[in-house]
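Questions regarding the structure given below will be posed in turn.
Note that the chains take the letters A, B, C and D in the order they are written out, and that residue 1 is the start of every chain.
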Amino acid sequence: MIGGGRGAFIGAVHRIAAIMDGKAELVAGAFSSDAARSKASGADLFLDPARVYGSYAEMARAEAKQPAAQRLDFVIIVTPNHQHFPPAKLFLESGFNVVLDKPATFDLAEAKKLRAVVKQTRKVLVLTHNYTGNVMVKQARELVRNGAVGAIRKVVVEYPQGWLSTFLEKTGQKQADWRTDPKRSGAAGCMGDIGTHAENLARYITGLHIDSLCADLTTFVKGRKLDDDGNVLVRYRGGAKGVLHSSQISIGDENMLNIRVYGTKAGLEWRQEFPNELVVKFGDQPRQTWRRGNGYICDQGKKFTRIPAGHPEGYLEAFANIYLEAFRAISAEVEGKRPPRDLDFPTIDDGVEGMAFIETVVKSSKRGARWLKFPKA
Amino acid sequence: MIGGGRGAFIGAVHRIAAIMDGKAELVAGAFSSDAARSKASGADLFLDPARVYGSYAEMARAEAKQPAAQRLDFVIIVTPNHQHFPPAKLFLESGFNVVLDKPATFDLAEAKKLRAVVKQTRKVLVLTHNYTGNVMVKQARELVRNGAVGAIRKVVVEYPQGWLSTFLEKTGQKQADWRTDPKRSGAAGCMGDIGTHAENLARYITGLHIDSLCADLTTFVKGRKLDDDGNVLVRYRGGAKGVLHSSQISIGDENMLNIRVYGTKAGLEWRQEFPNELVVKFGDQPRQTWRRGNGYICDQGKKFTRIPAGHPEGYLEAFANIYLEAFRAISAEVEGKRPPRDLDFPTIDDGVEGMAFIETVVKSSKRGARWLKFPKA
Amino acid sequence: MIGGGRGAFIGAVHRIAAIMDGKAELVAGAFSSDAARSKASGADLFLDPARVYGSYAEMARAEAKQPAAQRLDFVIIVTPNHQHFPPAKLFLESGFNVVLDKPATFDLAEAKKLRAVVKQTRKVLVLTHNYTGNVMVKQARELVRNGAVGAIRKVVVEYPQGWLSTFLEKTGQKQADWRTDPKRSGAAGCMGDIGTHAENLARYITGLHIDSLCADLTTFVKGRKLDDDGNVLVRYRGGAKGVLHSSQISIGDENMLNIRVYGTKAGLEWRQEFPNELVVKFGDQPRQTWRRGNGYICDQGKKFTRIPAGHPEGYLEAFANIYLEAFRAISAEVEGKRPPRDLDFPTIDDGVEGMAFIETVVKSSKRGARWLKFPKA
Amino acid sequence: MIGGGRGAFIGAVHRIAAIMDGKAELVAGAFSSDAARSKASGADLFLDPARVYGSYAEMARAEAKQPAAQRLDFVIIVTPNHQHFPPAKLFLESGFNVVLDKPATFDLAEAKKLRAVVKQTRKVLVLTHNYTGNVMVKQARELVRNGAVGAIRKVVVEYPQGWLSTFLEKTGQKQADWRTDPKRSGAAGCMGDIGTHAENLARYITGLHIDSLCADLTTFVKGRKLDDDGNVLVRYRGGAKGVLHSSQISIGDENMLNIRVYGTKAGLEWRQEFPNELVVKFGDQPRQTWRRGNGYICDQGKKFTRIPAGHPEGYLEAFANIYLEAFRAISAEVEGKRPPRDLDFPTIDDGVEGMAFIETVVKSSKRGARWLKFPKA
């Protein structure tokens, strides 16, 4: 693991998600660019001190020399955005598979370079847009794919949080600090951090790609350097329309990623904070609530179901589902087999599309919230 | 009552709302421009046939001659939009107070003319943006007014319906028929019919006026002549941002007018389909659900409370609340007194603002969803 | 109207419910046994002072002499329980139809006497167990009747309120005062006031009659004279089991009448505070939420639907639905016609069953919460 | 691990819960009394075949001889109820700490014997009444303990499931098979399997112990040998009253463990299927929804919080919280230290109380649903 030392949030999430199903073990890490801090974090995690490093470069060098039996199957990168590309490139080129936190990179150019590296090295790169790991999200996608929803007309996706309602970064709070710093976070704040999740979720469920968009980003908190709120009108290829809004100043909201999809035959509604349910609305029938764990759930949903209906699964289980798929790909790679055809995790292509989203919303907003064509991948 | 005969929807609503509290009685009407139909509707309502008319003009003439004891205190106009201004003007000028269904008129120009008529005749004109009659909407406004919400940053208001997901007007369904006809409905379909409610509700609660907007309207159903969906980015005077979207092709949604307001101190959330509750979110406290009928409800909310907490009031009661306020104004007018200072109902000024909203969103959308300044009232 | 003067709660509810649909008018009343108070209440309601009386007996005498054209079609009795039987008997025997608030009478013996009076006079008596007026309650009953639910196994009905969590009657609060007074309320407090609603609702939906029960009533608030909480195990005729609990010390609960019915084929769930929805659970299908106003609602439900789906109807509308049915019966009676066969309102038979319920739970509880057979009607 | 091989449900849950936080590793098991099946399960779990056994007795013997470095810190027992006591006794007496699935044993007598063994061996025994691991359950308990709820008056706890609505055991479905078999499950079916969870949850939150109860158990499905539904009236020591009902024929319900607690000052409401929220109702204030992960959550709740507010945790995380506490006790035991004073997991004392509950409800029901004193522990 690269990053994710003491005080980090997403590192711990990755660790739980990766080991939950008994299919992986953490054995090495460069948890901080401060060597002592990295060591301390390694000790917290019961690691062999010899495999805890002061930098990712050192780790790549040393771990590349491990004998086959001890060799890492993959590396997890959970550093701030500006530290995604360099280690990802290095580890891929050093022969390791990579699991990378989102958004893919610091900017679109880097994402495209990373795509080239992945292509060239033929290693596995998994991007943890974790919300697509939810069973009911997979069910929603299935209802689109199997035609139950009909032709999609409208998508409303929203992701309000409230934790940056105040000038939190001034207090030195670590999560706020780097996420609001253009040098580490990239061109966008809120839209990069969570707006990309909204874009990704909508695309995953609907299969729709953005044709053009008009974005109005705002920095509400005085002194903040990046957007903390953004509202986007979307036109999808093929004629569907969309509204995407995201915020970190929506005071009192926690992690309210919600999506509604309306087709000619049915509407879908999924709320991340209550992830075990999916509302399905046919125009002329009683409203349906599909619930995780039941017999009527699609095969792809059942595959990721650990416990019966009514026993709520949550954020960590969905995250672990991304890992389950990652493991299938990584196992095949490690064993020199062809990758399974039905892999279901976000790839560097999703990462490129996400970075294109960030770049486009920022550009649109800077030009007075003008409509812009979404760039070709 | 003008309009609202057999097969109408909103006419019956007005009648129930107006009489519910035992403060008014229906005594005359021109329920249809078809005289026989008007008579039949009058008979359904147990009216004296002598006071049931074949046209509003005939009614205005005849009723103006009634002796004081039998004279109408006010007239309710519930015809399609293109038939708002002519009877409103005539009745006002004939000395009657008027309750007028929304939107105010066919277009903005008419609304301004009507405003002039109201000013000149000094009669009462009440516009039934009924949702502002809800107790918890009044409570929301109070929390903005008393500073609990702080400075408003963001407003998300949405009004999806699904009943026009198909080409319903082709079947001759009366409600669909006129609402999708530009000659009767005006320049907008969905945005005029319900988008204006969303705009009005947001303005009522927040007190904010739109500075500029960018609207993307769509007609999804083939053959339809007006928009059946619209997404709008809003910039309010003073710096708040907004998202307003409204639809009649959101399949499976019924009448899902929802609003969220985020300030520096608290967030508010109200859902029309569950109108007895208001969610109040302070950033660092348990989320609060304020419920109609309790002791902590503001005075203005209590004033419009018929039954105790837990006994749900609904759409008709909120509508009737508009009438309760109308009656206070009308009583004063009839008795030649000054109008009370604290009247709480939508006026022709709200009507003008609503018509400006319609005109601006249509214009914006036609120009490629460009940002447009909201016109001065 | 008998009772329901200033300070009363249910009187105002009856008035709104009775006039809401434009089919009745209040013309006379004995609103209080204090003549001055009665007069004042009559004036509040714009009544002709000549028809406002100081006692129900005076009113019965005077109104019986009215000429046919002005004769009352029915009398509404909304006095405390001990004042139900005397006026009901008098008015029925004086030739008037009667709408009577629940529970029917002071005790079971009176209820049986009243049943005899109704039978003998052949007048209409309507008991306002208002919750059965809800459209979605009618839909629930229909799903039982049409076999969708299968054979019923279990019924859970609960009615917690919290308003009597403190010794409110000590403050003189009028509603608390008489409801906790055994001389006016009868043998039970909470169980008589709202437990009977729960029993009635369960019986209406399921058609099941209680075979035996075991009741544990409690008076939690020191100084109170009647039960403020009760828990009842129920065995229904035919083998279904039930849990019925009701409380007025469930602090923070408002009017939370909820019912769940489980059959061999499906489960039903209805919550009074959100009355426009009915949850239907088939074991192997997505959970369904049936919503008032849709095309799939049963005919009997549609009959009582004033406004479209998504426009919430509430307590008053459900109450008014009882009146709509009452009017059908009363019209027939007044016109000397046979009563319609499909009348759907609670009758004196329901009243007798309700009083038997009160008597039995009180007796069971007093005997140490022993099982008792439910008395034959 | 003892039990939990292929086809088992709760074994997999224990494994995930135990390893989720990176603090334990599965190294040995006797997963089935069928040696081949046990081996196969061990292979599924990547275990060293040498440490996979054909019987728990064999395992106890062999593992007791492991050198200190490889010695098991604890054993997890997840066999059917009749196979709880023998291995628990054996492992405790062989010097191992034990995590034991609920209910504790086959009957009360065994539970008392097990208590004696625990006392004598001074080993740790953790009983996985997992629902008490939920953060919001801990918060609920804290609100009782710190006086916010006041003196408790009423407890309503319910646990309906629907999965045994049909004669599922006839199909050979493994979970149904043993749970409905009196030889393996014990004297109760539904009440033992999940009624005990309800009893335990209520006791954990309120601290109240049952004084007497009256239980009406039913077997609705023809051919079934144990109860599949039970309704219980409860009187707690100190005067509070309770309703506890539980069912496995509540068709369409999944795992709907809900609890409501009403005190003199506030009411609490927690629903297992939406575990991140706790509703707190003060009589005269807006209703509060406390949500996991926020700053206002009590210290004991925060201790068990892995991820921020709005990122839902679920069943597995709550289960893992029991393990986190188990590990603290086990670590101390292994290191020969005194156990921490603030351990927060269910013990054999809870197990004895649970078995007493089962015995008493069965006895009460058999005697015609008579009131019985709850036995002294």
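In this text, contacts are C-beta pairs under 8 Å (C-beta built on N, C-alpha and C of every residue); 3 or more make two chains touch, one makes a residue touch a chain.
None of the values given here were measured: they were computed from a predicted structure.
The chain pair B-D and the chain pair A-D differ in C-beta contact count, and the higher one is A-D. Comparing the CA-atom centres of all chains against that of chain D, the greatest distance is found for B. Centre to centre, using the average C-alpha position, chain A and chain B are separated by 43 Å.
Chain D has its Cα centroid 55 Å from the Cα centroid of chain B.
Centre-to-centre, using mean CA coordinates, chain A is 35 Å away from chain D.
Listed for chain B are residues 253, 280, 287, 291, 294, each touching two or more other chains.
Remark: chain A residues 280, 284-291, 294-296 touch chain C in the complex. Only residues 9, 12-13, 15-16, 19-22, 26, 45-46, 161, 163, 253-256, 272-276, 291, 293-294, 306-317 of chain B touch chain C when the two sit together in their complex. For chain B in complex with chain A, the residues that touch the partner chain are 153-154, 156, 158, 160, 162, 165-166, 214, 216, 218, 220, 229, 231, 233, 235, 241-243, 245, 247, 249-253, 260, 262-267, 280-283, 287, 368-369, 371.
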